[in-house]
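One structure, as structure tokens, below. Some questions next.
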Amino acid sequence: MTYTVPERIRQLYDQVSDFVEDRIIPQEKLLLDETSPESESIRAQLMNEAKEEGLWALGHPESMGGGGLSWLDYAYINEVIGRSDPAMNILGTYSVQTCVMIDAVADEWQRENVLLPAVRGEHHVAFAVTEPGAASSDPTNITTTAYLDGDEWVVDGRKWYTSGATTSEWLCVMCRTEGEDVPRHHRFSMILVPSEAEGFHVERDIFVMGTHSNHPECSYRDVRVPKGYLLGKRGGGFELFQTRLAPARLTNCMRWIGQAQRAFDLMCNRINTRELRDGALLATKQLMQFYVYQSYTEIQAARLMVLDAAEKMDQGSQGRVEISAAKTYAANMLQSVLDRAIQVHGALGVCDDTPLERMYRFARIYRIVDGPDEVHIERVGKEILKIYRDGGRWGFSER
Amino acid sequence: MTYTVPERIRQLYDQVSDFVEDRIIPQEKLLLDETSPESESIRAQLMNEAKEEGLWALGHPESMGGGGLSWLDYAYINEVIGRSDPAMNILGTYSVQTCVMIDAVADEWQRENVLLPAVRGEHHVAFAVTEPGAASSDPTNITTTAYLDGDEWVVDGRKWYTSGATTSEWLCVMCRTEGEDVPRHHRFSMILVPSEAEGFHVERDIFVMGTHSNHPECSYRDVRVPKGYLLGKRGGGFELFQTRLAPARLTNCMRWIGQAQRAFDLMCNRINTRELRDGALLATKQLMQFYVYQSYTEIQAARLMVLDAAEKMDQGSQGRVEISAAKTYAANMLQSVLDRAIQVHGALGVCDDTPLERMYRFARIYRIVDGPDEVHIERVGKEILKIYRDGGRWGFSER
Amino acid sequence: MTYTVPERIRQLYDQVSDFVEDRIIPQEKLLLDETSPESESIRAQLMNEAKEEGLWALGHPESMGGGGLSWLDYAYINEVIGRSDPAMNILGTYSVQTCVMIDAVADEWQRENVLLPAVRGEHHVAFAVTEPGAASSDPTNITTTAYLDGDEWVVDGRKWYTSGATTSEWLCVMCRTEGEDVPRHHRFSMILVPSEAEGFHVERDIFVMGTHSNHPECSYRDVRVPKGYLLGKRGGGFELFQTRLAPARLTNCMRWIGQAQRAFDLMCNRINTRELRDGALLATKQLMQFYVYQSYTEIQAARLMVLDAAEKMDQGSQGRVEISAAKTYAANMLQSVLDRAIQVHGALGVCDDTPLERMYRFARIYRIVDGPDEVHIERVGKEILKIYRDGGRWGFSER
Amino acid sequence: MTYTVPERIRQLYDQVSDFVEDRIIPQEKLLLDETSPESESIRAQLMNEAKEEGLWALGHPESMGGGGLSWLDYAYINEVIGRSDPAMNILGTYSVQTCVMIDAVADEWQRENVLLPAVRGEHHVAFAVTEPGAASSDPTNITTTAYLDGDEWVVDGRKWYTSGATTSEWLCVMCRTEGEDVPRHHRFSMILVPSEAEGFHVERDIFVMGTHSNHPECSYRDVRVPKGYLLGKRGGGFELFQTRLAPARLTNCMRWIGQAQRAFDLMCNRINTRELRDGALLATKQLMQFYVYQSYTEIQAARLMVLDAAEKMDQGSQGRVEISAAKTYAANMLQSVLDRAIQVHGALGVCDDTPLERMYRFARIYRIVDGPDEVHIERVGKEILKIYRDGGRWGFSER
């Protein structure tokens, strides 16, 4: 791990960086406008360019047709992708955590028909775990059920915050399939449901932080799918879910740092150019210098933790402490960096003439998804305390 | 000033409280939905009820037909009104700062045709000062001009964040009317412009924190109004603006405390009822108790400062330090109380199934409008330091 | 409760204020220097003056010869006394919590021989509860025992942080006197031990935050005292301890606000006079204005909470939430106000050329004594949540 | 730079680590007790052992007889040395910044007689710049003068916070030697003064944060030293001072991280073993887990910044932003980690039964020495803003 972009990926880093800055960001507002008719064709055009230039799915394993970057190298690249929300789709990286999960257990048919088209961006696979009313910090609370009826699974239940459900061809649905006789963590299975299946309904879009979110609430009523749509083995749903979690958290963090860095860039430029009443620049104000100092140190700290966690993942560690700490610290960092960037922009900062207010609204969600702050704080504390209890020490040198 | 609701207004306090809790909040979501056809009729119905029950315009001076509460008494009542955004309109209090300002200088015609209908809620008067591109922390930066051409003022310029402009019959427009020969703070005048005047255009709604804001950007191109539409005297615009500022800031603070208290109520109820994985309640978690402690102390602190500033206003003081400190502290308090309330609600907190996410998005604006934090912080610091420089002391006892 | 000093105590307030500013503070450094031979005689002289001028023991009830101020009125006065540490002794207020406790249960002999001389400052009564090794957040953990042997109590154990033990004639010692058959909170009794009793030893002074603290560690080995030295009834020790706690916490808070206000005064004066490299004053720096703003709002907030809690005590309420919140908030406020005052003084701030560094070191202790932050935070959270669970609301208006 | 201890220094790291843990820390309290007669001989014994085992002066350049570690490698080693205050002397590292400075300009005589004995720990060289009354954030404010009288420099003035002055053979004294005709930053020269010179007096020890500091205030009255005692060239004092500053700041930061890590170790062990009233461990409390999380992330963040700054120094960069940010962040981090560690220890934490209270008191000084927070914050802000003004970007990739 090094703190500057390693030489081995320097060229790739610059390519991706140019692509995001020069081709995506100038079109960003259009790309984010779901009501715009051009939006879809521009996105498709840029996706093609990304594929042609070898910038597609860089973080996916090579075995499934991805770029095969290590987690550490991907951290540098993904930070740049994170600078603009549409880049995640255009460069084909958004599906990495789900693809890694499917890859771990998919049979041949699932691989050909679900996984590989997802890697290539030909269709989407939504991930349906969270339910209204159940504390999602523990997925063993979920109540959606499935049972085998002959050669078919029959799925019943209700999920919400199923990101991308309205535009997905497939849903990975976590269902309770086993009874009380089985240990708690082995009662759940992951079942693939095609979105065109009868009995599947998108009930409502959830209006999240002022925006139609495409994180809808969906119902499953007697949805029947072939027996072979079980992903992995019966009772293996929870374990599979865990497989997806670490990459999901880590790749999100990488992008958040990119967003924070972009907000920091905007903030510094605003401070350097905004005139006060007497013609002096904002830059002459000590509180502005303080905001720069605070934001810089917070961004650097988050970067370190993410790079460190990525390196641990590459080394085969679960990195529980590192990923939980990085996720929590980075989400909070993003919120506070954006808060300052908005403050410095004044009335301009709270309206959509800059990307800041949208990033700020969505940043609030990140402290809740993939485990709320409190769950991660508790985990980090408990894991470190356990190390000391076992006679170890947490720091450079574990004696 | 007392910390509990004074006996003299206890009955009124309870009446307003019941009105807000029992009649407004149950309809709140509908009232806030601008696309709903029923929204307007429900609002009109509730406004009538408020008038009939003597709960209309309680903070406006009696001389203009208002309830005539002192600022201090109004602070208690207005906190309750603040609990629900639509209450401000339904109980006729939103116009108090503009009415106080107009009242200070209006001639008979202006009083009958602009002021009194506004107090009665028969029409709206928008306030147009802020301009894109000019640091609004100093209104002497504004560039909209007006000149006398015979018996008419001709207004030219562009304003943004003109709250309520699309639904207002009148606009109070701050214009530069005087030349360089006049001292800086005497170069501006306030001119009344009817929204139907030729040359006035709402250029665009500004999309603020995810919402159509009704804080639009408006242009004035050769807008001609009669000479008598000048409000107050030539060159008196800045002073008039100042008249409005203290009541505007203070009444906003009162309502923010009501919003924070409502968020606190929701947070405590959620903590008391949400089950964790093992059936234990959130209430058993020490971090939850910490959030309650933090939120409680912050709300109390803000309340004190607002009550203290209101009392100072009643005593005829300008209360510059008190109002600046209260405004800044209360806006930050609201943001952090809402942040915790959302966190405690998890996925439910970031979607519009509760009022929290909307309050949270708007709370971010309050740290910028009516002077950003930094301007008030600087003012509080400078004013207190000046008192010490003059041999005084800021505290209980000025020796 | 009012936010400015009430007229009814204005004259007294000014008298005490002048006494502290003009007579104690100029001698403060000498008074705090335990190695100085003059220290004791100056203190005695000032104590006499205080008594002659009617400024002695103002917060003690009239029935025991004190000033008889209500808790609320005492809050205003005690803030001023808090400005200088020696004032607490010189004005005879330090013993109020112990005297109130003794007064609740003392028999005639105890009243004449222990209580009244303590009120008059003729001797000291130390309070011995805390023990090394026992979590003092729960006094039912204590291990010091006493048993009746004929007409004598025999006390055995070890206490630390017995404030003032080396200069006290009496010690109130919390002992376990009852067996397992008695409920936990009724197993302890308070026993009066004269410091000259055989078997009582001051084992070591505890060096606290860089200073000989006079909070020594003491041992009791077969200490025998007459049966009549039991204070209150057998098994009533814990309840008696509770009696003392609320006044102790509250009167400490009052003084902390005085210390913070003094630090604030010093900070403002330093900012107003310290020159930077280019001859400009520190006062021109925005971060300095920020420190003033922050300190001012924190001090005001703490003051409110203390006044509110004092009023509740006068009304006969236990004020558990109010006192716990005030104690915790005020102790943290004092630490952060002092931290800023030191920072502003630079090298001067960390040495004993100003009173700041001493106040800062001791302030750190206040977040631990009388219950650490965490215990109070937990209590405030739990108590407020309980109110909501019972259908109430915590705020202005309990509906 | 790597985040784990690099293999190339792993063995050395372990050696130093063992030396500090096994030989210094068990004797630490004795070593810190200046009144103890054994203190000096134990220190001498340990110094000999360190020299014999090749652990002496590891961070000094090889050319002057030191260990010749790069700044980056030294960062890992020096963190461990920082765990115990006496280790800095015993391992001969405390003089590195002054030796580097002298080395830059010393002539042969100065090298043999002042520099090399200092490296070998045979005598001490104190550094005398700061003056009472002058804002030390800008050393061009200093008023001590020196003039050439024949072959002698005559030094007059007063300095304070001259660390180690009472035990030093030499003092490096910053004096004004040039007139107004010379640019401000070229008016000062560094002059070597032997402590036995006539006219040099230690006026008083400064009592800093409760401790006799050996940072005394010293006067120079007509102190005469040979012309050849000028260090470097006339007018070069300020530049020389700058040479020393970066290493001084950076090596302090390294040690602070070691102190924080030690406090963290103590905190975790305490949380793991302290019982609450009901026999449960502190470790079960969520606020304790929160303290662990906070402390861990702060320590990691500080470490990163220090390693990054050290690497930049090795690359020949001045690292102004990196060092200023690291110094400020690390000093604040140390204060807050210690604050939590003390809180967790309760009454034990504020007395000298643990090393925490001493570390805490001294940590407060670090936010002031070598430039107060505010000066560094301003610098970091200004430097980063300048980069943006010049069209750059501060982050991974400078485009």
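We just call them A, B, C and D in the order they show up, numbering each chain from 1.
Assume contacts are C-beta pairs under 8 Å (C-beta built on N, C-alpha and C of every residue); 3 or more make two chains touch, one makes a residue touch a chain.
All values reported here derive from a predicted model rather than from experimental measurement.
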item: Subunit B and subunit A - chains in contact with each; value: C, D
item: Comparison of C-D and A-C (more C-beta pairs in contact); value: C-D
item: Distance from subunit C to subunit A - Cα centre to Cα centre, in angstrom; value: 52
item: Gap in Å, rounded to a whole number, between the CA centres of subunit D and subunit A; value: 43
item: Distance between the centres, which are taken as Cα means, of subunit D and subunit C, whole angstrom; value: 38
item: Touching two or more other chains - residues of subunit A; value: 285-287, 290, 374, 377
item: Subunit A - residues contacting subunit B, complex; value: 130, 132, 135-138, 140-141, 160-161, 206-211, 213, 274-277, 285, 287, 339, 342-343, 346-353, 357-358, 360-361, 364-365, 367-369, 372-374, 377
item: Complex contacts: residues of subunit B adjacent to subunit D; value: 285-287, 290
item: Interfacial residue positions of subunit A with respect to subunit D in the complex; value: 1-5, 13-14, 17, 21, 76, 79-80, 261, 264-265, 268-269, 271-272, 283, 286, 288-293, 296-297, 299-301, 303-305, 307-308, 311, 325, 328-329, 374, 376-378, 380-382, 384-385, 388-389, 393-397, 399
